[in-house]
Amino acid sequence: MSSCYGENLRLSIFGQSHSPAIGVTIDGLPAGYPLDTDALNRFLQRRAPGRTNLSTPRREEDAFEILSGMADGRLCGAPFAAIIRNTNVRSKDYSALRDTPRPGHADYTASVKYSGFQDVNGGGHFSGRLTAPLCLAGGICLQLLAEEGVRIGAHALRIGGVQDTAFDAAHVSETDLDAIAGDIPVLDAQAGEAMAAAIEAARAQGDSVGGVVECAACGLPVGLGDPMFDGMENRIAQAAFAIPAVKGIEFGAGFGCAGMTGSTANDPFRMENGRVVTQTNNHGGILGGITSGMPLIFRVAVKPTPSIFQRQNTVRLSAMENAELSLKGRHDPCIVPRAVPCVEAAAAIAIYDAYLSWKKLH
Amino acid sequence: MSSCYGENLRLSIFGQSHSPAIGVTIDGLPAGYPLDTDALNRFLQRRAPGRTNLSTPRREEDAFEILSGMADGRLCGAPFAAIIRNTNVRSKDYSALRDTPRPGHADYTASVKYSGFQDVNGGGHFSGRLTAPLCLAGGICLQLLAEEGVRIGAHALRIGGVQDTAFDAAHVSETDLDAIAGDIPVLDAQAGEAMAAAIEAARAQGDSVGGVVECAACGLPVGLGDPMFDGMENRIAQAAFAIPAVKGIEFGAGFGCAGMTGSTANDPFRMENGRVVTQTNNHGGILGGITSGMPLIFRVAVKPTPSIFQRQNTVRLSAMENAELSLKGRHDPCIVPRAVPCVEAAAAIAIYDAYLSWKKLH
Amino acid sequence: MSSCYGENLRLSIFGQSHSPAIGVTIDGLPAGYPLDTDALNRFLQRRAPGRTNLSTPRREEDAFEILSGMADGRLCGAPFAAIIRNTNVRSKDYSALRDTPRPGHADYTASVKYSGFQDVNGGGHFSGRLTAPLCLAGGICLQLLAEEGVRIGAHALRIGGVQDTAFDAAHVSETDLDAIAGDIPVLDAQAGEAMAAAIEAARAQGDSVGGVVECAACGLPVGLGDPMFDGMENRIAQAAFAIPAVKGIEFGAGFGCAGMTGSTANDPFRMENGRVVTQTNNHGGILGGITSGMPLIFRVAVKPTPSIFQRQNTVRLSAMENAELSLKGRHDPCIVPRAVPCVEAAAAIAIYDAYLSWKKLH
Amino acid sequence: MSSCYGENLRLSIFGQSHSPAIGVTIDGLPAGYPLDTDALNRFLQRRAPGRTNLSTPRREEDAFEILSGMADGRLCGAPFAAIIRNTNVRSKDYSALRDTPRPGHADYTASVKYSGFQDVNGGGHFSGRLTAPLCLAGGICLQLLAEEGVRIGAHALRIGGVQDTAFDAAHVSETDLDAIAGDIPVLDAQAGEAMAAAIEAARAQGDSVGGVVECAACGLPVGLGDPMFDGMENRIAQAAFAIPAVKGIEFGAGFGCAGMTGSTANDPFRMENGRVVTQTNNHGGILGGITSGMPLIFRVAVKPTPSIFQRQNTVRLSAMENAELSLKGRHDPCIVPRAVPCVEAAAAIAIYDAYLSWKKLH
C-alpha cells in the first residue's frame, strides 16, 4: 500500500513522473462548496517547476483537469478526481539509472522492492512531481478550511545556513501569514536574498542545499485530533513525510524542548478576552494530540536535492560491482522553496481530515 | 478515533490510568509462534514505574494476563488480547484537575473535546500508563522480528544537557545494541551517571528535564515500506507520536541534513561482501520511504515531564478566571529512561506491520 | 485480519470459546452518554445459552466487566473495553476434533489456514460464543440509536418450515417491534409454539433445523449510508455475516424482487403528513445504498446447527483417510432464537456507524 | 465515504454518468505482471451498453486509458489508474429529475443526503455506468487470479421467471464456466432465448424485469478469508452490493438451507485423489468465512430496472406535493445480462484482495 491517506477523507494519489498523467482522487468531500478553481490553480503554480531560475528547467504547465466530483461548479458529494497530464517528458535521460542507482534516491530500494519492474523514468512514482496532486488535494482542503476560519501558511525558515525570522509561536496570525512573500517564501526579504545566493552558489558547483520549512495554522478550534495514534502530531507527520526529502518533523519547541526543564517548557494557561490561551507556545498548539486553540506550529527538515552534478560513487546492479555516476537531466539545486506549498498542503489535508472527525461530534 | 494502528496488524489500545484495567488487542498476528511470556514480562519491566529512585513512586507490578489469541503456548491466529489491572490507584489526588488544567498536559484539550466527560483521574486515557499496552504489543513484535533476524534497540541520547555516545549510523550492529545498559539505558556509563545527576538536580527543585531517545533497527531486508503516505518514516512517526511527550522525530541525519549540501548528505553506494551498502548513513536506512538494508536510525525528542511541583499559572474553567496550581501526586522528574523501551516498542510495531506487507509479495 | 469493523466506530472482537475471556473494544463512541448497564445486561441475556430447554445445556452467566471507556457512569470518550469470562469450560470434549473435522464447521478450514495451530476447543474463535461480545457492542449501539429515535427489532420469521407473520414492510413501527415476544421471538405466538415443536422434533433425532431472521429499523433519518461499497446493504451485510451460520441476506423484497417487474417492484413516492414516503416498501428503506426514511427491512438465512448427534462422514487429517464422527458436547438444535438478538446487534452496529458518518455532515 | 474498497488492494472508484470521465485507482497491485489490455478490453465489452438490442441504446465505446501503474507493458508497483471518457452525454433528459425523483432510484435519497447539490444527470455517481470502472478493476483481478489457477464465471440463473440450469455446486469446473455463452450469458441456450423473449415482452410494455445471477470461483486454495467481519461472505457481499440493483446475496444453499436439517445441510468430508473434498456443497465453498477448496458459489438478486416508461407516482420536492412522472431517456429493460460480468468483477476483487492477505502468511 502506499499512496492513500485519511480517515474521513480518503485520498489516493497516483502517477509516475513520465506516465500519461498524475492525479488524485478524494472521497469524502462535503457537497455544496463552490470550489474556486482559479485559486486552486494559483496555489498549484507556487509549486510548479520552471517558474524561476532557482528551480529545475523542466517547465510544466501543471494544468489540471477535474474529471468528477463537481456539478454546476460545486462539489457534489461524489468522489473528486483530477489529473495533470505529463507533457514535457524526456525519458532517455533516465535509462542508465535502472542499473546504476543514484545516491540519496529511491532508485535502489524501489528496484529491489519491485523486482526491477519499477518505472525508472524520472523517478517514477517516487518523483517530486507527485507533490503536484498532493498540492491539488491540499489546495482544496485549504479552501474548505478557510471557510471555517482556519488559515495555514509556511515559509523557508532555513536554507543553506541562512535563517529567516521564525514565527512568533504564541502570536502568529493571519497577518503574519500574509506577510510571507518572494520566490523563496520568507518573512525577511533579506534572508530570502541570501538564501537565493546560497542556492546559486551550490548550483555553480553542481551541488545542492537543504533547509527547514516552518508552518503555522491559525484559527483552529480546540479539540481537533485524538489520543495516541491519531493525534495531530501523528496525523500531520504521516502526511508530511509523504513529501520526498522530508527527513524530520517537530512540533512547537520540538527538539529544542528536549533541552528545557519542565518549568520553562510548560506553557501556563491564562484568560485573554474571555478565551483560554497559553502565555507561551512550546506545545505548538497541540496537547495530548489535541489542538489547544493556540497556533499549531511545526517544522520539517528537507534534505538537499540528491540529484547533483558532481561525480558520485554507486554500484552497477547487473554486475554487482562498484561504479561511478555522472548525472544529467533537470534538477532543482534546492527544493525547499517548492516544498513550502507542499508542506501547507500536507498540513491542510491532515487538519481538514481531523476537522471532519471533530465536526461529527459537534 | 484514536487508539488503533496498523495495516496488517490491527492494534487497539484501551484503558485509563485509573480504570479497572488497561490493555491491547492485536488482530493479524501469525499462528504458530511460541510467545515467550517471560521475555515479554522482562521487556515490560523496563518500562514499569517504581523500579528506581529516578522514577515515579507509583509502583505497579504491570503483570499482564493474556485473555485470548493463544492455544497450547502458541499464537493461534485468533485476535490476541491482554490486560494489565490497575491496582495502585489513588483517585483523590486528581479531583481538582478537572477545573484547573495542568500546563503541558491534555487536561484542558480533553475537557473541551469530551465536553467535560473525560476521565480526569491520573490523566485518564492520556496517561503515560497507556504506554504499558503499547510495550505489550511492541514486545510481541520484537520477538517476531527477532525470528526474522531483525533487532531493535534504543538508548537515551540526551538528558538535561548530557549527551550519550551516538550510534555509528553506518555500522551499528546487534553487538552495539547489546552494549546498551543501565537504569538509564546508555552506551557510555559515565554519561548515564551524569544524566542521573541532572535528573536528581531537577527533582530537588520540583522540576523536570527532557531529552532525546535514539533508536536503531538492524538486520532489515531491503524493501520494507511504501511510497508516499506509508513510507517507513510515516509509519514509524505515526507510532512514535503515540508516546505522550514526544514532540519531534528525525531519521538519519534528520534536521542536521538540512544544513548539508547534496554532495555531503548523499550516501554513496558500494559493494561489500557481495551486498550493496552505503558508505555513510545519512539516509537512516530509508530511501523513498523504503528500507535500504542499512541500519534504520531515528531519534525522538521527549519533552520534560509536564507534572512539576513548582507553582504554575493556569485557569479555573468553571469561572473562566486565572488561577494557580500546585501539583501533588506521583510523577517522574524525567520520563526519558522509561520512554526508551516505548520507542523500541513503537518502532517494532511499525516495522513488523511493514514486514507483513512485504512478506505478502515475497 | 478478521475481527475488526467500522468506519467511525472501530470495533475489535477477541476471544475463543475456551480462552480465559472473550470481549470487545470499541473506539469512537461519543463521550457523555450514561450507559444503562442493566439494560445492556438484559439484552445480553436474550442471547445467553441455557435459558430455555431449546438451547445448549452449557450455561454461562455471560456477566460482563467493563474495563475502560467509562467514568462516573458515563462514556468518557476513551476506547470502551469489556470482557466476559469463560467459566463453564470442558475442553476434553473437543480434543478429537483437531484430527476429524466436523462437517459444516470451520474445523477443517481453520486447521489449514492456521497450519494446525488454531484453538480447537469449543470451536475457538469461530464459536457462536463470540456473538456475545458482538451483542455487547450492539447493545451499546442500540441504546445510542434509541437516543436518536431509532428502534431496531428482529424476529424468527421461519424455523424448520414454520412461518411467523412477516413485518408489514411499509408500516412497521415501534409498536410492532414491541409486540415481538416469546422464548422464540415471534409476532404470532402460535407460530412460536409450532417452531418449538419443530426444534424438539429435530433434537429428538439428534438433528437440527435452520431458519430465517427478519429485522426492521424504524425512525431512521433520510441520508444514512453511502454509494457503492459503503451503502447500507454493504455495511449491514458485512456485519451480519459475522454471525456464524448466516449464509444469505436480502433487503426489502430481496430475492423476491428478482421475479417482479419494474412496475410492481418500484415503490411510488407520495406525501404523507408533510413527509415524503413510499406507497410500498420493496426497496427495504434503502435506495442507492442510502436510507429513504422508510423502515429498513432485511432478512438473513441461518443454516441448521452443524453440530448434530447423528454419525457423519469426515476425514482423519493425520492419515488423510476417510473416517466417521459421532459428536458429543453441548449444542443447540436450532440457533435461530439466539441469532435474533445477534442480528439486531449487527444491524445496530452497522447503522450507528453510518449514523456517525451522517452526523458529521449535519 | 463510499467508493473505496479493500484491505490489501485499495480501490477507489470515481465519476458520474455525465462527468468528463469515470475511472478507478488501485493501490497494492503486485509489480511485474504483463497486463493483457486486449483481454481487459474484451471483458469490459461484455458490460458495455448498446451491444445488443436487449440493452440501452446509449452506446459508449468504454475505451479506457491507463494513466499510471504500468511501465514497459507491465504493472510497475505504483498505483494503477485508468479512466473512461464519457462521450455520449445528453444531460437535458435528466433536468426534471432533480425535482421529481424516480421511484426505485437514488434521486430522492441523494437529494436529501447531499442537500440538493448531487449531480442529477444520468444518475450521477449512482448510475449503473459506474460499474464500468468496477469491471476495469475486476478484469485486472481476474487476470491476476488466473495466474494463480483461480477461475471465476457467472451466468443469468433467472430472468423474468425463466430459469437457467444451475451450477452443479460440488463439481463446477473451468469447463462449465467456459460453457457459458450468449448475449444473455447462460448454460442452457434455450433458457437464454426464453429470457430474451421475456425481456422483449417487458420492453413492449414500457416495463422491466429482474433476475438472479449465479457466480462460481474454481481453483481456490484452502484458507482464504478470515473469521467474523472479514470472512469471504462478508468480503464478497461488501463488493457485490456495490452493483446498483443488487438487493440480496446468498452463499451455497443460502436461503434454501434455512429449510433444511443439519443432517442434510452438512457437507460430509471425504478423500478424493489425496485431497480433502466434501460430498455435497451446501456450504458454497466457505466454512467459518474461510475457503474450503470446494467451488465458491453465490447468487445475487437483481431488481428490475427502476427506469420504466409507464407513468408513475412521485412527489414534487420543491412544492412537497404529489406528482406524476413519465420517463424518457435510454434504459435497459433488464440489466441482468450486463450485471453478469459486474458480479464476476466484484467477486474477483474480493477474492484477489483476500488472496493477497493469504499470501503474506504463506
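Order of writing sets the labels: A, B, C and D. Residues in every chain begin at 1.
Following the convention adopted for this analysis, a contact is a pair of C-beta atoms (placed from the backbone, for glycine too) under 8 Å apart; a residue touches a chain by one contact, two chains touch by 3 or more.
Because the structure is a prediction, the values reported are computed rather than measured.
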Pair sharing more residue contacts (C-beta pairs) when C-D is set against A-D: C-D
Centre distance in Å when chain C and chain D are each reduced to the mean of their C-alpha atoms: 26
Could you please state the distance in Å, as a whole number, between where the Cα atoms of chain B are centred and where those of chain D are centred? 46
So the centre of each chain is just the mean of its C-alpha atoms; given that, what is the distance between chain A and chain D in Å? 39
Multi-chain contact residues (two or more partners), chain B: 1-4, 8, 13, 31, 78, 110, 113, 125, 227, 357
What topology does the chain touch graph have (line, ring, star, complete, other)? complete
In the complex of these two chains, what residues of chain B are touching chain C? 1-4, 8, 10, 12-16, 19-23, 25, 27-28, 31-32, 65-71, 74-81, 83, 110, 113-115, 117-121, 124-125
The answer for chain D against chain C in the complex is residues 1-5, 7, 11, 13, 101, 103-106, 108-110, 112-113, 125-126, 130, 158, 160-161, 202, 207-212, 222-223, 226-231, 233-234, 237-239, 241-242, 244, 246-263, 265-271, 274, 276, 278-279, 282-284, 287-292, 301-308, 310, 312-315, 317, 320-322, 357-358
Considering the complex alone, what residue numbers of chain A touch chain C? 8, 30-31, 78, 227, 356-357, 359-361
